[in-house]
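Next come two complexes, and both contain chain A; in the first it sits with chain B, in the second with chain C.
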Partner chain A sequence: MKTGVEMPANVQTRRNKSIKSTLSWYVFLLPTFLGVACFIVYPVFESFRLSFYNSNGTIETWVGLTNYQRVLSQGAFWNAVYNTFYIAFFQLLLAIPIGFILASMINRINRFKSVFKVMFFLPNVTSIVAAAMIFMFVLQPEVGLINHVLDTLGLPTSPWLSDPGTSKWGVILLTIWHWIGFVIIICLANLQAISPELYEASEIDGATGFQQWLFITIPNMAGTFAFLIIMGWISGLQRFQEIFVLGGAGGSPGRSLQTMVALIYERGFGGFEFGIASAITVLLFLIILLFTVLNIKLTRLKL
Partner chain B sequence: MNNHKNMQKITQVVLYAALVIVAIIVVAPFVWMVSISFDRLANIQVPFPPTFIPDPFSLFNYELVFENGRIFSAYLNSAFVTFCSVFLQISAALLGGYAFSKGQFKGKKLLFIMVLATMMIPIEARLIPLYTMFNSAGLLNTFWPVIVPSILYGFGVFLAKQFFDQVPDSLREAAQIDGASEFRTFFQVYAPLAGPITATLIILSFMGNWNEFVWPLVVLNSERLHTIPLFLASFSLENGTSLAGMTMALATMSVLPIIIVFVFLQRYIIQSIALSGLKE
Partner chain C sequence: MDVKRLPVVCLVATSLLLLPGCLPQEGEEGNQLEESDLTIAMIGEFKFQDTTDPITAHKSTGFHAVKEEFERLHPGVTIDFVIMPWNNYVPNTQAMIAGSQADVYQMPGVNDFAAQGLLEPLQPYIEEDAFDLSVYHDNLVEGWMTFGPEDDDLQIYSLPVLGDGRFIQYDKELFEQWGVEPLSDYPTVEEVMEKAKQMTGENPVTGEQNYGIYFAGTHDTALTATNFMEGFGGEWGTGQRWEEIELNFDSEEMEQALHAMMELSHYMPRSFVNGQGNDRWLTPSNNIAISVNQGNGNMKPIYAQELEDRFPVVQTFKNAEGVGSMFSGSPFAIGETSQNKDLAWEFIKFSSSEYFQRFLWEEWGSTPVIKEAVEWESIQEMELMTPVLEAMTNAVTPRYPWASSQPRYILQAKIEGALTGTLSVEQALKEAQAESTEWIHSR
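Up next, the complex of A and B:
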């Protein structure tokens, strides 16, 4: 039996303890929140602020919406938006179905599954910079590997990266090659998570393997496709490295490869037009935000 | 019944044949890269029609690359930067993930959403302010701006939280009845249990940092500080599609460490990537 005198003291120490404990949780989170404050919150607001100034890093003058006006009326900006969307769109449109089909095939074979997984995933672990260097030669019109194979098969060859009309497709091939392993691994993991009971039930109803794939597997993979589309779009909108290696910040030939990030880099660190570059950054940021929200809403992805 | 078995056999053969063809296509660029890197004359003329076995076999391109020497400093720079960044990222992610999983404090949910939201804000949207910030701190052309921002690893915090959610709370209660502080509970009870998630985080963070490009490109102008991807890009921009032999020797040397790591750890790497795409 506890006495009435002990109680308050007990409550007191318990409260002290809980304050101490709360404090220690904040200490656990201190590194992460220093990071959020210094490297996310501050830069995002600063980007926004800078977009209203004419700035080269030292001298700043307020110009209001002039930067946005200039950016939005420039062909260079819309060209970069077009290139970015074009490459990302076709990369996703081809890589996700092909990757899913390959994953379904790997899932159905009896042996050597991991050998194929490893081989298809190999490009994804190499840096995109090295991959771009390799593809510069693979896509070379005269002595490159792809044109030689096409020629041998009697198919028409292409100038690929050396012509503004076809250069984007050269990059699309590179991005598919680099990304397909990721698509396959994610698809495989989720294929294996589909309940086997669904297949057993349909087997009793006499469904063929292909029917099962069409009516059970594909609908059950909707969440996976949504995840891949979101990941692919976000990274596609940030495309820069392979462009920079293949065509420099200007995205040659003829600016046909310049992406939005390449344009930010060119204006910001080539021309030191921080205001203009910040305005493009804010627009890119809004586009990413819009697409993320839209994708999450459309696909009802659970995060 | 027999018919059914035959059907299955045929399906398997077709599947293997198709997969082997695609696998050859996927691996071909690597094989071609290695082959050109051992071709003595490739700097003048890439062998045509393409060969996959260099004839004659020569180490000439590698000698040229070694003489240049920059590849070694690039390796060292990459190793240093990656090691520091991985260390920071893992420490912060484990601490943060633990707090979000086991902690009870004000604003927990809001703070967690904030950390998750950071994953959607790419470095590209922060390049210029970060650049001016490190510029006014006088830290451009040092490794500081590459390493320090690693302390924020939203995805790592998220994965670590998921992991600690599965470790029972009873361990905490037992430790705290014995009078252990939150810190002792973490370091002596939970951190030793976090081996699997730490391995996953190390792999993901290692690959991410080793291949990091845009931000280092902006802050490391000095050639002697260049990491592997920066060195490759600058070599490639200088030479275009000439000097195929040297370019491919460099590309081979740059992908070799990561391929070795991958071959030894492939099971865990593939698992971690798969984990990153599985939603609860």
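Up next, the complex of A and C:
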């Protein structure tokens, strides 16, 4: 016995075709889904699971929330959180305005525009590991380039990476140098997208170049700034490679450079404490999530 | 072709194209695991094929020679080498052993792996074969003894393969220019400090800035401090299993050691804390008189530059029993999951043979671990190797059990704090002791 309304044959064929087509494309996407499941979803869940165990890689014992309790009660963890935020904050605070000013200047010139773009963007395409190794010598307190320049100009020199009080500023210099090209290119893209009519209208109203920059350019850059702040925070909170080169997993001297990811590395691979390392990873994930949501709300970025 | 089927056809075609790439390639180095009878995991600069050293122009025969020799001695057997860099060797080894990717592992971190129950105890093999452990230099077998998860006493889970030792080295030319007596063969901390102080400042002959002493203020700081402590008659602590370990990081001798290091920091380049400032060490333009906590890697550049007469080697600081400094090097161990344990044992025995030890030394510059090496012409030609080989025999054994765990990182951070003036000596050591002890109790 047939129930319900019977569909016309041509509608059924069309639906079958559509299902077949959809299935084909899902089959096409299957390798990607498998890759995501194996290399992203599984490690994330495994890390979350491990955070409740005392694990040396092979022997596991359930310890509940003990790892979180141990991590949160340790000065080394909060020191790593402080270092991570400190470096990321000052990198963003300096690199975005400087990058924007440079981009505005490049945008105004007619000749050698591409030369400047390439010049500033070159550090960004350099491996951060190689850049950090070079900066080891640039920041060398006795014969390093920066101290040599400061000394020549009659300015006070710094021990940079050899003193816990200044080491973070050595890293901030490196990260600004490395990231500023990216900031400039992103800012330039937006600057070139601002309608020239706005400037023409303001010129008729008698606005100066500075007033145009202040009241037209900057407000139109809000979305770009929000994008740079969010991306900068996310990458800043995951900082590891340059820290590892400059101060090792322990963030020498005196843990002054140790970031959260470096601490994860130290605890995980420096002493086979995979449970502790996983607990820090989960905490880092929560911090990044919280900060990203907060940044999106504050900057009103539309995703 | 039916356009509707295009995605499926493309997927199949892509898979067929990719599949051969995933299969083992015949003749490719370290890629024949499925077909191998025995796989050896090694760490370092070794190569399977012949190579030429870019510094010394020395031509090295690759590990293919070892493969041919072992297969000649064991007809029908196939061995392969998987060679990984020193960089990240701990996680790499952990990954390999977790995946049962080799039978024999070069394993400088044997304590950690044996404690996880991942290694095969070697004592039954030694007894069954009546294998003579006295072929190895004194102290080396004992140095690698450790505990498995069920052991009450130290056991043999690995046997030495690459030698290494810590020593003090000095620049004879700078000593002469400053008119300072050379270091004695077994210098005390006081002797080193006194001589270092005399050679800091403007060199009386060249007029160049010289530094009396150097130790890197990063990475190995904790080990350097521990050796200074041994020079003052102290001991890192007692016990080998975590539940029995008691640390002496805040002992009187450790305080003396850290005070000495702080005083010596005035006679070093300012950037020593960051592991810099010794760029000219072991070169003709060297400006540092003494360097402590040195390792075997120094020999190659010294001999390549014909500076062997200029940079003599003396022993590290020793305690009243003549023992001191970190025991180092690498042993071979058999993975618990190996399917070819008997053959793996044969390879470990082979690794102590004159052939293999000579091969490692003469082709790749690795310090031999067998006693008979001192008789080899190639060793005798290099006079500096005599004190280096001696240094292997008077290190603290078994290894400092905390050297690859949190207490080392904690001690390092606190010592760096003291050396950079953010912590007082007493505060640094008190915090190091308290944090390390707390870590041991809560692990």
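Assume the second predicted complex is superposed on the first by the 292 of 303 C-alpha atoms of A that agree within 3 Å, B and C clash if a C-alpha of one lies under 4 Å from a C-alpha of the other, contacts with A are read in each partner's own complex, and residues count from 1 in each chain.
Methods note: a residue touches a chain if its C-beta (ideal position, glycine included) is under 8 Å from a C-beta of that chain, and two chains touch if they have at least 3 such contacts.
In this text the structure is predicted, and so the values were computed from the model without any measurement.
Asks: Could you figure out whether chain B or chain C reaches more residues of chain A?
Replies: Result: the larger residue contact count on chain A belongs to B.
Asks: Go through the superposed model and pick first if A:136 touches only chain B, second if only chain C, both, or neither.
Replies: both
Asks: In the overlay, answer first, second, both or neither for which of chain B and chain C A:21 touches.
Replies: Once the two structures are laid over each other on A, A:21 reaches both partners.
Asks: Mind working out whether A:214 is in touch with chain B, chain C, both or neither, as first, second, both or neither?
Replies: After superposing on A, A:214 lies clear of both chain B and chain C.
Asks: Just checking: does A:186 make contact with chain B only, chain C only, both, or neither of them? Give me first, second, both or neither.
Replies: It touches chain B, and chain C stays clear.
Asks: Look at A:39 in the shared chain and tell me whether it touches chain B only, chain C only, both, or neither; answer first, second, both or neither.
Replies: first
Asks: Looking at A:252 after the superposition, I want to know if it touches chain B, chain C, both of them or none. Which is it: first, second, both, neither?
Replies: Touch status of A:252: second partner only.
Asks: Given the touch rule stated above, what does A:155 touch, chain B (first), chain C (second), both, or neither?
Replies: Neither partner.
Asks: Now for A:223: first (chain B), second (chain C), both, or neither, which partner does it touch?
Replies: first
Asks: Which holds for A:65: it touches chain B only (first), chain C only (second), both, or neither?
Replies: So A:65 meets neither chain B nor chain C here.
Asks: Could you pull out which residues of chain A sit against chain B in one structure and against chain C in the other?
Replies: Touching chain B and chain C on chain A: residues 21, 24-25, 27-28, 31, 57, 136, 140, 142, 248, 268-269.
Asks: Using the touch definition from the top, list the residues of chain B that touch chain A in their complex.
Replies: 11-12, 15-16, 18-19, 22-23, 26-30, 32-33, 36, 45-50, 88, 91-93, 95-96, 98-100, 103-106, 111, 114-116, 118, 120-122, 124-133, 135, 149, 151-154, 157, 181-183, 186, 207, 210-211, 213-214, 217-218, 228-229, 232-233, 236-237, 240-241, 244, 247-248, 250-251, 254-255, 258-259, 262-263, 266-267, 269-270, 273-275, 277-279
Asks: Considering the complex alone, what residue numbers of chain A touch chain C?
Replies: Residues 17, 20-21, 24-25, 27-28, 30-31, 54, 56-59, 70, 76, 136, 140-142, 159, 161-165, 167, 246-250, 252-255, 266-273.
Asks: Once bound in the complex, which stretches of chain C touch chain A?
Replies: Interface residues on chain C, with respect to chain A: 4-5, 7-8, 10-11, 88, 90-91, 94, 98, 112, 115-118, 149, 217-219, 269-277, 404-406, 409, 412-414, 416-417, 419-420, 422-423, 442-443.
Asks: In their shared complex, at which residues does chain A touch chain B?
Replies: Going by the criterion above, the answer is residues 21-22, 24-29, 31-36, 38-40, 42-44, 46-47, 50, 57, 102, 105-106, 108-110, 112, 114, 116-123, 125-130, 132-138, 140, 142-143, 145, 148, 177, 180-182, 185-186, 188-190, 193, 209, 223-224, 227-228, 231, 234, 238, 240-241, 244-245, 248, 261, 264-265, 268-269, 274, 277-278, 281-282, 284-285, 288-289, 292, 301-303.
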